[in-house]
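Dumping the structure here so I can ask a few things about it.
Labels for the chains are A, B, C and D, by order of writing; each one numbers its residues from 1.
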């Protein structure tokens, strides 16, 4: 009995002392898809939830979904906005489904939206002519700034207001995510060559370990424009699965 | 002929001395495509006020007043907030008066406020323990985040939400001000050693030409704390008049 | 009397049309304490070149050329760098020529370069595997970080070190340019979908009034990749002339 | 014997599965000084290095020392610089000693220095008059920009160039530190109310978990100015030990 205790203590100490070494290693393995099983095959999986789901749970708690610009003025043709993204409406169901999957997995969901002053004085210069008489695309408080029908911010989600393409440009998003320990980003919304791509490139610049764009839950004015940016993003280490591939 | 020369010189000097006033106007016209020809006839030189007041007007059009953190949780003792600034309530009238003077002068007024997520996940680490059960200082939507009684955002003003001390930290404030051509800042609010000082130091780092703190429209927990920061700010070129001195 | 009026009108128009040229000069004088009186006599109006070239001079004094990543590891095949841009070497002459034109026009030239720690700890995560044994692409002090043969930093130019794609990401470039009064950017270098494009998009986000990419003094791995980004940049108001069109 | 193995496996799995919960807890304990011994008193310390040093090693690998502005123009009276910090020279030995302690502990050392263009065009506006004829405080390449005698950058250290007070303002420092997993900062150098304080406040804004200023390895023009900033920093959760207290 004492020898059992000694052994146990030993082991406990060992593992604790190793955590600094084990953790980064495990994290790397998990991220690269190997999973715990690949490293310590002797672990008796029958005593608890499968390691795969454990590893997944760990991964999801460090993952954030960024839903970008899914606002009426960008994706709802009924608004008649000059900034409507041609391919936007078609991906609303995929975005909604991606958010549902994210919530089921316990992934933190951040709704990134534009909200501009009616004067347009916080809009990019090349778009300021669109603002007059207190109106313009995604003016704060107007209908065009609302999320597209079928999309909702739930308790526990986070709303992040931006005024430029990238969700990270002159916002506190990186601060919130880094301090929460987020390492992975899954990105959906519109539109691929501008807000999606700028957010993705900034995410890479900000050293998020895994940056992912769901190729069929993002959209641009035309498929070739969409695909050209997807191709470029792949070259800088961004993963580009479909929603179906990601949800498996 | 000499009289012609005198006249010309006179006119030249006059126009040159007006450039601070004319330029913003011309720039706006030119950018919008009007060109020089379109404006010349419209300049009502005969109606010009004195050069002095015109120069002042020019200065004010390049000046922004930042009103910082004048929210109930910071300055209204009735809220019982743990972040109440002891000297805050006493300066509410001076802040209101400073804003009134700014408006009369046509100065752009920006209301800088904190608005935090009920979870506290966008608050500084050392203050997160103050957030629980959906409550905490200046939580978005709660009464403590409102402006102190007697202070109001008017049409034409701008509201800027921040989550850290400095109004420039991870916000788009510098972008809005620089593009509007703002060169001078007048700063009021609470509290001197933290949000005021950090905003001021960032403003100096961002090369605003004139940064001014109204010493009796700002406050700290104690007068000596207030004065120590005022002293330090003077050493980096910041002007520190009283409200009375500034309004002259 | 009518002739007086005509003369005065003439002069008024003349001075007004010159303000873009005069202003930077006046501002510099005023800031340094000289005042209007100190300058008036010095303006040699009789020697003025044509208004057109003066307007151009005004424009050039507010224009900066950004030369991006023209370093041996990116454009010189002899280095054998894993980050060689296939189309890079071919545009070295055009970049050199663009710089020569810029200098002749008095345009401020900024050489934007990557310089990394030998450990690779300031490189993007997806490229860190390229660094070991004190070597890696554009390591500070190594030959690969030098400018390509034929390109030189001259006195009056500025060298800006960056560690990410965009020349504006986590650097003081915007600060230097805005405070110098720069409003226009002309961008050359490599490579179009990454460093060029990210710099361009950030420049637009930072409200530079005119952002220009010289299409044949920039390059990517393949022409179609280059052109896809040029097309996208056009949609956000970026001008994309050839070197020949720009130098006219 | 099989039961032993089962037990061991069980325990291993248990601990591994707990790491997400244990780690944050342990980290918090370690950071607050309790140490592992306070939580799991049954661990037989005799089998390996003392837990205290283990915990320390963990802590030090997540700690960075920022040595700020210890350049000749700031701390060496022989330079005759207008920006000499009166109390600077006196703390050179303490700074050198703090760096020696940091190196012994394996703490990452970052040398933060100012290096300005000879033209002064990347200096704060209120200091530009100090630059002319290619000279001025801490001009890149001149003697005044060198580290004070007795201070050296060693292999493995990092040099970070800044152009404003805060080491984090418009630099990639936060990026390097966050990606290295740094959570704690120990700050030494000059001068307390400007570069030290701005760096400290930005560090708090950037959510570093523990920010520490060594009170006798930092200095200002006068002791009362130094102490006023130390007092303010304490109110936002910054630790302010002496070098002696920290080295224990």
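Quick notes on this structure:
Keep this in mind: a residue touches a chain if its C-beta (ideal position, glycine included) is under 8 Å from a C-beta of that chain, and two chains touch if they have at least 3 such contacts.
These numbers come from a predicted model, not from an experiment.
Between subunit A and subunit C, the least number of touching-chain steps is 1.
Two copies of one chain, subunit A and subunit B, touch each other, and the residues they use overlap strongly: the shared fraction of interface numbers exceeds half.
If you lay the C-alpha trace of subunit B over that of subunit C, the rotation comes to 180 degrees, to the nearest 5. The greater number of contacting C-beta pairs, out of the two interfaces A-D and C-D, is seen for A-D. One inter-chain figure worth recording: subunit A and subunit D are separated by 32 Å, centre to centre, where each centre is the mean of the chain's CA atoms. Here the CA centre of subunit C is 36 Å from the CA centre of subunit D. For subunit C, the set of residues that touch two or more other chains comprises 125, 164, 169-170, 175, 179, 205, 207, 209.
Subunit A contributes residues 4, 6-13, 15-17, 19-20, 22-23, 26, 36, 40, 42-44, 47-48, 54, 58, 61, 175, 178-179, 205-207 to its touches with subunit D in the complex.
Those residues of subunit A that touch subunit B in the complex are listed here as 117, 119, 121-122, 125, 156, 158, 161, 163-164, 169-172, 174-176, 179-180. On the side of subunit B, the complex with subunit D involves touching residues 124-126, 164-166, 169-170, 193-194, 198, 201-202, 204-205, 207, 209, 225, 228-229, 231-232, 235-237.
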